[in-house]
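There are two complexes below, and they share chain A, which is joined by chain B in the first and by chain C in the second.
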Partner chain A sequence: MLARPGLPQFEYVRATTSVGVHDLLSTANARLLMGGTDLFTQMRDGVWRPRVVVDVKHIPGMQDITMDPGGLTVGAAVTMNQLARHPAVQRLYPALAQAASSVGSFQLRNRATLGGNLCNASPCADTAPAVAALEAILVLSGPAGQRETPFYDFVLGPGRTVVGTDEFLIGIRFPAQPAGSAGCYLKLGRSRMGDLSVVGVAVVAFRDLAARSGYRFRLALGSVAPVALRVPAAESLLAAEPPHETNLAAAADLAMHAAVPISDVRATAIYQTLMVRTLTLRALESAWAQLQGAGR
Partner chain B sequence: MSPKYVGQRISRTEDPRLLTGQALFVDDVNIPGMLHAAFLRSDYAHARLNSIDVSAARSRPGVIAVYTAQDMGDAWQHGPPLVIPPPTIQNMVFHTRTQVPLVKDKVRLIGEPLAVVIAESRYIAEDALEDIIADLQPLEAVGDLERALRPGAPLVHEELGSNLAAHFFQEKGNYKSARQQADLVIQKRILIDRGIAAAMENRGIVAHWDPKSQRLTLWDTTQSPIPIRNGLAGMFGLAEHQVRVIAPFVGGGFGPKIMMFYAEEMVLTWATLQIGRPIKWIEDRRENFYATTQERGQVHDAEMALTSDGRILGVRDSFLHDTGAYDPYGLTIPLNTQCHVLGPYDVPNYYAETTVVFTNRMIATPVRGAGRPQGVFVVERLLDLAARKLDMDRVEIRKRNLLPPDVFPYNNQIIDQAFAPLVLDSGNYLPLLEQAATRIGYQPFIREEQPRLRAEGKHVGIGVVMFIETTGVGPYEGARVTVEASGRISVATGVGTQGQGHFTSFAQIVADQLGVNIRDVELVTGDTAEFHWGTGTFASRGAVVAANAIHAAARAVRGKILRLASKVLEAPEEELELADGQVRVADMPEKSISLGKLAVLANPLRGAVQPGTEPGLEATDYFGPQYGATAAGAHAMILEVDPETMMVEIKRYVAVEDCGTVLNPLILDGQVHGGVALGIGNSYYEKLVFDDNGQLLNASLADYLIAAATEVPRIEVGHGYTLSPLNPLGTKGAGEAGTLPVPALFAQALEDALADHRLEVVEMPLSPNRLFELLQAAQESASGR
Partner chain C sequence: MDDRHRVTVTVNGAQFQQTVEPRLLLSDFLRHDLGLTGTHVGCEHGVCGACTVLFDGQPVRSCLMFAVQADGHEITTVEGLGTMDQLHPLQEAFRDAHGLQCGFCTPGILLTLIPFLEDNPNPSELEIREAISGNLCRCTGYQHIVDAVQLAAQRTSA
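Showing the complex of A and B:
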């Protein structure tokens, strides 16, 4: 029968320390609550039926943004708006700030969290391409302590991650960016605001004397594969030859060929495929322009 | 008497209540002992209901009752036909099939209700739905209109032997011979797809049968409380006076809330009669996609015959119309389509043929526009494509075909939705077109700005289109105006209100007639206990039919006031004036009496009155127009297309409207803005997507996009003022006008923006993805593949 919206009964547990949370997660048919923007819609639609909802966002550190010489650490429960408006994130990790500010609506961004967006592992998660391009490390808390996993190993497929049944994500670590790094996230939806992305492209670029071209570009695509997709072929091309009009376009072509979208009510596969090229080229040009501007 | 309020840009007096959450909506109704209903709905579009077992649901704690079609016994009946086909059209085929309260044997549309649970809370009711076992045998579903008519197609109503719901044609002149004389014939297949109205407030009902007082009260998000009252009384064997229907504040009507009788209205009324306790049902957003009527699906084969200098010789339009699984609303939508193909133009020869098709989809009933946008789209597209073939300017081809101002009233010789000949009561179309073109800067844009922007690589396009809107249809509305002892004025009318600003615009009319402050006019709408004659708020008729009824009642009260005051003040009526809540002798202001004191004198507690005297300062009056008043307008816009992503940005939007007398320009502007916003949705965002099984694939506001603030530009509104000769106020309706021309305008501006692609837009709604596909197809055909 047609799904009938309406929350089922559940028990709410507010955790202020990670002690006990792992046990609860492994034994009690529990779900984590961060911003709740996905949890409650999935529960309302009967997709998830947890008996216990564990609110972990009040565990110390979960809502902190900290900068140190090693880079940026974002607590898993930091909201999209906190991230998007953080001056250091805007300055040093523009792709992340732009991705965070492109999620849903302003009201939703007041609640939706970076950790939630990544753990949901939706193919169209806006922050996933930026997190992939920034080569973030995810910090998981488990019964035996913390472990770290690079983001490119984290998502297994739509809705599936490496997080164990007794683990939860506590933070996301972004390596320090070389001075003068550039970056951007471009999103295409069917309307200018609020729609889920049809294509998302994140680019991070910086000077790198170890690269033959003198530059390193990192490129990741969202919404066009089961997981956020890095495009190593395009990255290698731009590391080999200095960027110019022709090889930026060639890199965008490589990105297009890497994409494996599926048709749905929001967009057809062929449109998405071609839009990968368009958005990638625009993102690469934007990052390249930023680099040249910074060089002057 | 010079109007003090009518025509003024007055802020809406109801807004403080609405904005501070003080206004009563159906879901605000809470009665002690109230129960809650939830409906089990079919998740198949077409299926045989073999059996349904509700025993487990009945035994769930907190469940009061579970009902199926069988339980309703003799009370189970089809909804009554709401609108019959026009008896004046010859050779009409029309098969009436109306909706049922609960499915008895066969599911004909997705979401059709199978059972209802009445419980102590909505939570319990919804949980109990899961206890019900319905044995449904899915059948092949039909949604495509052409496929539905082919032999062997699955049948929505088997006994009819086909999915043909109706067929009729209308003719003016002789199109065939006109075509023979034509220099150019434009022939196109034109598609317009389905969407929803998406009112902010979904539907909702509280039904309360009080066994002690033997009264039924129904709070209902209906646009049409009086016919609901009369219909329910008849259906369930009650006297009309036993039934009170209240349509309180309603968060948007847009047409689907005029539909009668929804399954939920029939079932809740019957259920409260069984249980004797109040029952509430509030539609949730997902249900709204399955349980509330929709509109727009049509396939046109249209052609226009023209001379080489761009004059229309005739139009032929044969189209399929999707009525969904039932056709309670008759032919209102396709009749509107037929009429609006003629537009503001001189079309001497016209042949219109309509085939209405049953499908396994939600019932189609009017959604703001009600068939008109389709007609406007057809004629405007044909004109644009003709202009292109003739290498003629788009504004010029329209100018050459507009009806001149001296032909009115102009009889188009076909029957319209009111079953009367389509007579355009008045109009002056050329100034509207010129105003729109001038305001948008049409000539400077195409001569200077567009070439400059194109040289910069920008894809900018301009569009200018026209339309008419038949509005203000009968039969009639009524109103009662009363001067109370406090000096305040109470006004009651039968139409419901769904955000149109009635409390302000209707009060303006009364305040002017009686010389009182607008704040002293208290208006009641949509409560059958207050006024029980009338039909409802639809067809852009409130400001025409209800407003003129209120005007008539207010004038009658004014007459009573003057007669009584003349006696009291010992002065002839002609010397009296009404102002500031007083009646006074014009040149002796000290000789005056307040309306409140006069009202007390008109309603004495003791003593004798003259035989035949009516008490109080009160009058009831009615207004029914001879036929509908025709509004008109021209819209223009400039948009820019991203030639790679096909994302669109509207740079400027101009709407020029002629709806006769403007009661309140602020409210009118708001109506136009809202209408245009829906039109933009109808053009580029809002389209229901069904699969081959009739499943709705985008039944949520995450997947079904509604034009939001980022898609709707600032809208500049201009006016023409051709007063309707058919009513004393001179008003014409404006409720739907904003929506009608937008898809046609969008298509023209898109073609202009992508002129290098020789694109032809003959379908709506589009999307960035769909436009991309059209361009790919255009490129392939251009390259000869």
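Showing the complex of A and C:
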């Protein structure tokens, strides 16, 4: 029985411990198998031709979501649907839950993983803005042990990350959120369901007495730059004076000016630019309404 | 290097032991090795949903998995839903409400909907449309599919 033409031969290794995986990654022409939703299409199109495919999902901890006083730790192989329906993630990290539930289709979300989405480093990765706004720390496993890197430094450009050839991502750590934190992820696709994003906007907001306005907003944009883009100018504006109609609109304008999209098959750059302002304003208003609701 | 793997997979309640190449897709394993051609193959890029099967009870795209990954797992294909004499209630509703025309997308849509209706026995029209948004149908315009799901939900709750 022949496999279909187009998928070249490779060796499949199902790892149940990280021991040996680093060697394999550095010596063989190897690719990690997470949810497979990108790996399959890249292999079928002949872009990736690995000799070894290493399935690392079964290494202990890779599929676990754990909460402790320090925050939330998500195993790299946790699926989008696991995140989207996790009650504590929905309550405390709504931007992450909403971003996860916006990825692809339901069937895809049963396989697609947070780690895969981040390591694939697509500019339109839906979870990237949420992970950026939540200031997550990525935990990498290497031959010498584990090391941590902030997501801020993780993605170098489209398809490129700081993960070394002998390393792999094992988990994503989200710092504990202040009580009453608000957040959301808004996505514009060509259709309302199951498409790649044209613009993605993540907002996280919470009360912060150290800020002059009493509030801290974190804003990150997806699909409009080579990497997920924080907008410090907009964040500073809302830290300086409490949100009201005018400065929320001004913050959305700053986001629009920070975006550097390119025209592609899904949208023109000018359309994306304008939609950044629209979606950012809606996301900020939503987060602000949540904060006010929580304060009552 | 031994590049073939022995896998034990439960499909529609029956256990199968086969030797597979790592590159064999789960969809091709089901169709060619097991002869279960009810699982259809459309885009092979994870977009169309025709190849949807239940993997440990959850809908997944079988064109985006290798057969070797199914080792030790349980799979349900459309052949596991009903028989020619005794259709599954959802299949019955699809027949009665004209929820299919060419039928190519139907197995994937049925399998997507089985766990959806278990979780949400009385879905709204929007929820139904969201549920099948990962399944492309080029014939029906979806309207009769939505009708069929609503009919199935009505009958189940009645």
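Methods note: the second predicted complex is superposed on the first by the 291 of 296 C-alpha atoms of A that agree within 3 Å, B and C clash if a C-alpha of one lies under 4 Å from a C-alpha of the other, contacts with A are read in each partner's own complex, and residues count from 1 in each chain.
Note that in this section a contact is a pair of C-beta atoms (placed from the backbone, for glycine too) under 8 Å apart; a residue touches a chain by one contact, two chains touch by 3 or more.
Not measured: the values here are computed from a predicted model.
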| item | value |
| --- | --- |
| Chain B versus chain C as contact partner of A:Met193, first or second or both or neither | both |
| First (chain B), second (chain C), both or neither touched by A:Pro87 | neither |
| Partner chain(s) touched by A:Asp55 [first = chain B, second = chain C, both, neither] | second |
| First, second, both or neither for A:Thr278, with chain B first and chain C second | first |
| Touching partner for A:Tyr12 - first (chain B), second (chain C), both, neither | second |
| Partner chain(s) touched by A:Thr268 [first = chain B, second = chain C, both, neither] | first |
| Touched chain A residues, chain B compared with chain C | C |
| Where chain A meets both chain C and chain B, residue numbers | 1, 3-4, 191, 193-194 |
| Chain B - residues contacting chain A, complex | 38, 40-43, 110-111, 122-123, 126, 129-130, 132, 134, 284-286, 290, 644-645, 647, 649, 685, 689, 697-698, 702-703, 705, 707-708, 710-711, 767-769, 772-773 |
| Chain C to chain A touching residues, read off their complex | 1, 3, 5, 21-25, 28, 32-33, 44-46, 49, 52, 55, 58-61, 63-66, 68-69, 112, 116, 129-131, 133-135 |
| Touching residues on chain A, where the partner in the complex is chain C | 1, 3-4, 7-12, 14, 33, 35-37, 40-41, 44, 53, 55, 81, 104-108, 110-111, 191, 193-194 |
| Interface residues, chain A side, partner chain B - complex | 1-6, 188, 190-196, 198, 265-268, 271, 274-275, 278-279 |
